[in-house]
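Same chain, two partners: chain A is paired with chain B first, then with chain C.
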Partner chain A sequence: MIKRTSLNRNQIIFVWGCIVPSFIFFLIFYLFPILNTFVGSFFNWNALTGIMKFNGLTNYKDAFSDQLLYKSLINTIYLTFFAVLIKTVLAFLIALFVSSVKSFQKIYRSIFFFPTICTMIATALVFRFLLQPEAGTINGYISILGLAGPGWLEDPVWAMPTVILYTIWKDFGYVFLIFLAGIQGIPTDVLEAGDIDGATGVAKMKYITLPLLKPITVYNVVTQVIGSLQIFTSIIALTNNASTSSSGGPMYTTTTTGLYIYQNAFVSFKFGYASAIAMILFLIILIFTFIQLKVSEEDGGTNT
Partner chain B sequence: MKRRVISFLLATVMIVGIFVGCGKKEDVSQGTSSSVASVASTAPVGELIGGNVKFDTGKKIEGTLNVWFYEDGKRFIQPLFDDYQKYRPGVKLNVTYVPWGDYWKKIPVAVSGGNGPDLFYFHNSFQNLMVDGGLMAPYPKELVDNLKKDYKNVEQFDIDGKTFYIGVGGGHGLIYYNKDIWSQAGLTDADIPQTWEQLREIAIKLTQKNADKIKVSGFNFNPGAGAFINDWQFLSGRFLFSEDGKKIMIDNDDFKKTLKFFTDLYTVDKVCTPTFPDSQQSFKDGTTAMIWMHPFFNGILKAETPNLKYGVFPLPKFEGAQRNWHFNNPDVSMGINSKVDDKQKELAADLLTLFFADDKYMREWDLAQGLAPTKISLEVDETLAKDPVIQILMKDFDNSVYVGPAPDAMTQDLIQNLIDPILKGNISIDEAMKNSVAKVNKTLADFNWKPTERVWSYANELK
Partner chain C sequence: MKKSKNAIKNLTHFLLIIGCLITLYPLLWMTLSSFKSTGTIMSLPPSFFPKEWTLENYKTVFSNNIGTYFFNSSYISIIRTVLPVYTSALLGYIFAKFTFKGKKIIFSAFISTMMVPWIVTIIPQYNIFNKAGLLDNHLALILPFVCSSYGIFLVSSFMHQVPTSLIESARIDGCGEFKIFNKIVFPLIAPATAALGILLFLAAWDDYLWPFLVINSDNLYTLTIGLSKYAFKQYTIAYGPVLAGSVISILPVVIVYAALQKYIISGITFGGVKG
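Let's turn to the complex of A and B:
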């Protein structure tokens, strides 16, 4: 049984001293904006001119009949599903490989984590340059093989897969590092016990490694899903056209809900409507995260 | 204990560090006074410059004046700021140049937030936000009364009896052509097309291919035709908007025929592809023979590609059309911040007075941006008359229709819903038309404005 000890006065002051600034930060930069957005979603609101006229549920009614919002949600879910799935599987397999090698582990870690620490804007601009359909390097190499490269970000069919590819390349390192830490944290005596019992590699993976990695996997998947559902910066960086100030890809094929919120707020200056969409997205993420955690708890608990 | 204190201090520093990045002051550029126009050309102290709008060079004023302008405009506007500083030594002039891509995100936020500049570059497509939203102050009545005597069409910019900006020059789309590519194809200036049908033949001739891949485009309007689409409606002989400005009127057979003509250039004649590099960049790189572009591009070419041999000619008309009606896209004068105090507004109006009074600043602006002058005294200006772009604009001015402060978002709606689906999505013209009209009309429904097409001199020629 853990014996509870009471803190002395200095310790209490220290604890509050650490908590209060963080809590104030949370109030100002998280809670207040969310509440402000929720209230704003019931208004015809332009934050720049100060016009704020109550219009009840009009913004939500408009959102539910907005075909472009549905398209952006479908795009977002499509991106989230494939990006998270491929990132998770790839990161796990590569983490397994890196944890099994005896030499150059640190070099492998650096190589795979490197894209994550590069600036997103700079890397996105490089990607756009490399993937320019007519003059880009990648299609240049493809043409040497006698083939015609796709339109990449300019092609309605290829645009979103290209964004997914970039997202995987950019964020993969973080997921890989978490998995690597998890794999290296598996107690060796458990694996040795498996060896003694004659378990094959596949059996050890199925009955020891994967179950012990479940909390890590759930953490990775949940954080990646939350991040992907809110994706915005990489979309702008990859698809923004300076001549026309437009973004979101050909025929809105890479318009995600995060980008659509931004466009409504800061291009069309419809802050009330953008707030309503933001609240809808918030609700979707909340429900999804709740379901994920519930499912993983029912499977044997995660304590994540 | 020591460890706890260090941990606490570290946590505090980290949290404070986050706030340090907030509210970063804009970099202030004082600019340079390197322009030829300002060198040794300021009037003596005590002189009155101008016609009806007069600037008193000897007036003593003290204060600080903050001005924002877009970055590319520095090449033509800096002389104004340099000279103003010389005439008003008691005024501290702070000029900030903001990149164009950021400008329309930053200026509304800065002005509405109460820390915007006193005077700033303005474009009429943002009238709905900046003027109707109460972020701009009207010009002083005395200034406006004198502007009406020195400038054309000032009344066109009247909003409920007040004037917040006026046109500084009229501009519309032109065709820029690369003279080297032209001569490689055996063409001369005598081959400059008068009709779009002739342009099509020339574009096919100018297109160079490597197997099936286009090396040089004959005619390029990427990305997605942009504001060029507005011209297509006028070239079809039609008004762009309904009288109340709530509907776009492109769903008609004339426009569909024009739309088919231009999209066939890509899909049938193969003079370009929708994924070919951006028209402005590829023209500068010498990989496009002809582009449609606004007159401001002339100034960019002079500054960035001085060795590029190019020419310009007016938009052709379609065979059988009465004239080459097209879309007028004027530049307008700077706006005064409504949220600053009266003293700052007076200072802003003082700088504006110099700008309007002395011909040379308007001349610099019109030359750099390739605009037909609205200042009456510049209509016979020799320098402007010699500029090939402005010559064309002045001759062609009556054919260009000013529609008023149409929403900027409309162009994106048309690219995404009309052009991209046809060229990149293989969607039929009829289906793309239906979707684009619905989207644009939704944008217009929330936009408070009134089109001015029908007050144009030759409006009776349009349907």
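Let's turn to the complex of A and C:
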């Protein structure tokens, strides 16, 4: 480490010459916007005219009696809970399987991870076509079996589970990859010591693998939750209705809070109200961010 | 004993292969169907392979401006890779190897932006570009991304691999600060910047919400926007061309993935698994 006293004139110019412009950058594009959203949430803020009229807590009061907001929050929690739960369990199991076979590990890893990096809009459209109720390929196969396929994205009951299905397919490779790296990172001598002590496969799993993977599991779950609470693009791609040019249907069953914020801000042009909802969702996300920070701190403290 | 172990192994492979097929099925269906004529894509009973291979869908999307969208996405994504890789590396280096007043606070401020969700920045960001008269302008797709807080974080944690003595001896030789960074430090952190660069490229290529908000003109669309606007503008979706467009949008990703998978994986696992 270079001591402070050793910073000469050239170094001072170099350091601050780089820090100052980047600070201005983060200030304009990230730090100021947070403050702006917070302040804006107390205003009647018309997006088209830009006129802001202070209205105190009115936006928040409106939010608490907004049935559609409640619905969007429930939808978001429904989506987040099932998508994260299934993704985590499935990714963990597949990571265990892949790490247990000695051959083709890299091929399995490449394939399972692949959907994660594919363009979201393209893959979501493909799912939409595949799951088209009348002429879609999946229902076509189901009808060959003599059964009637569900209405998928067009059925109010099935729409959200279909979104969850897509989310699992798209993102589970990410969770899988982190689990796999974690499992492969478990020192073999620890597992061999278990063998010598006569531990069975189940015991090794319970007393060695699972406890060692706990930090990674928490990291995975929290990251997934934070991402899932803000979901937007896949909802648009999966549910946009060309004739009404609106998304989140049928009957608002796939309207997530992220989408609802977007609709309020950029379809209804209510910047103030959208800011208030954004702050509410931000608060929920912050709770998970703090859990993440706490866990990574503990993890760093014990590991290094 | 050995026999049952083998049986378990074969069963595991069997399950994994089924998993792989399910994972790949939508992508294979997309690719094969993009060569079917539009009428046969949604015909029943479903067929996996095209009965007659046709390039008609690709011709349609190219006559619908997809070449422009592809070019826009490519050059914007490349700028959104090169610029933040360099700036983040520079700042990561400064935070890791220099001591100066307020360093901790500034570093925390920068890094905290990594965790800020889009929902609380999008309206003011939109306003900034609106007031600056930069809506419907590619600068709006580039300026918010010239530096990456994740990149600063990644590079600064990688910097311990660069020996301080090397930097100091270069300094004694009279090397300027920028030259030290460009000639000595930057090449040494190539593994970290490669991983960062690929992740940034993929994120830029996949970006949807922001270009969806700020870009209006057809000739300025990126591929993701062009594709979705094309898919949603008709009452009956033109399945074939949309699938051809989807294949085109995934093609660069496949190439990047095939060539540089190692770096993608190290970049992703960096956050979750401390090495």
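Methods note: the second predicted complex is superposed on the first by the 257 of 304 C-alpha atoms of A that agree within 3 Å, B and C clash if a C-alpha of one lies under 4 Å from a C-alpha of the other, contacts with A are read in each partner's own complex, and residues count from 1 in each chain.
As a convention for this text, contacts are C-beta pairs under 8 Å (C-beta built on N, C-alpha and C of every residue); 3 or more make two chains touch, one makes a residue touch a chain.
All values derive from a computational prediction rather than experimental measurement.
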When the two structures are overlaid on chain A, which partner does A:W169 contact: first (chain B), second (chain C), both, or neither? second
Contacts for A:G185 in the overlay, against chain B (first) and chain C (second): which applies, first, second, both or neither? second
Can A:D155 be said to touch chain B (first), chain C (second), both, or neither? first
Going by the contact rule set out at the top, does A:G56 touch chain B (first), chain C (second), both, or neither? neither
Give one of first, second, both or neither to describe whether A:K270 is in contact with chain B, with chain C, with both, or with none. first
Does chain B (first) or chain C (second) touch A:L281, or do both, or does neither? second
Per the overlay, which chain contacts more chain A residues, chain B or chain C? C
Between chain B (first) and chain C (second), which does A:N46 come into contact with in this model arrangement: first, second, both, or neither? first
Of the partners chain B and chain C, which touch A:Y252 in the superposed model: first, second, both, neither? first
Touching A:P133 in the superposition: chain B (first), chain C (second), both, neither? first
Going by the contact definition given at the top, which residues of chain A touch chain B in one complex and chain C in the other? 10, 14, 18, 22, 25, 50, 132, 135, 143, 242-243, 245, 266
In the complex, go through chain B and note every residue touching chain A. 1, 4, 7-8, 11-12, 15, 18, 100-101, 104-105, 108-109, 111-112, 129, 132-135, 212-214, 223-224, 226, 273-278, 280, 408-409, 411-412, 415-417, 420-421, 424-425, 439, 443, 446
Chain C residues within the chain A interface of the complex: 9, 12-13, 15-16, 19-20, 23-24, 26-27, 29-30, 33, 41-46, 87, 90-91, 94, 97-100, 106, 109-110, 113, 115-128, 143-144, 146-147, 149, 164, 168, 176-178, 202, 205-206, 208-209, 212-213, 223-224, 227-228, 231-235, 237, 239, 242-243, 245-247, 249-250, 253, 257, 261, 264-265, 268-269, 271-275
Can you tell me which positions in chain A touch chain C when the two form their complex? 1-4, 7, 10-16, 18-19, 22-23, 25-26, 28-34, 36-38, 40, 50, 94, 97-98, 100-101, 104, 108-115, 117-123, 125-127, 129-130, 132, 135-137, 140-141, 143-144, 169, 173-174, 177-178, 181-182, 185, 216, 219-220, 223, 226, 229-230, 232-233, 236-237, 240, 242-243, 245, 258, 261-262, 265-266, 271, 274-275, 278-279, 281-282, 285, 289, 299-300, 303-304
Contacting residues of chain A [partner chain B, same complex]: 10, 14, 17-18, 21-22, 25, 46-51, 68, 132-135, 143, 148, 151, 154-156, 241-246, 248, 250-252, 266-270
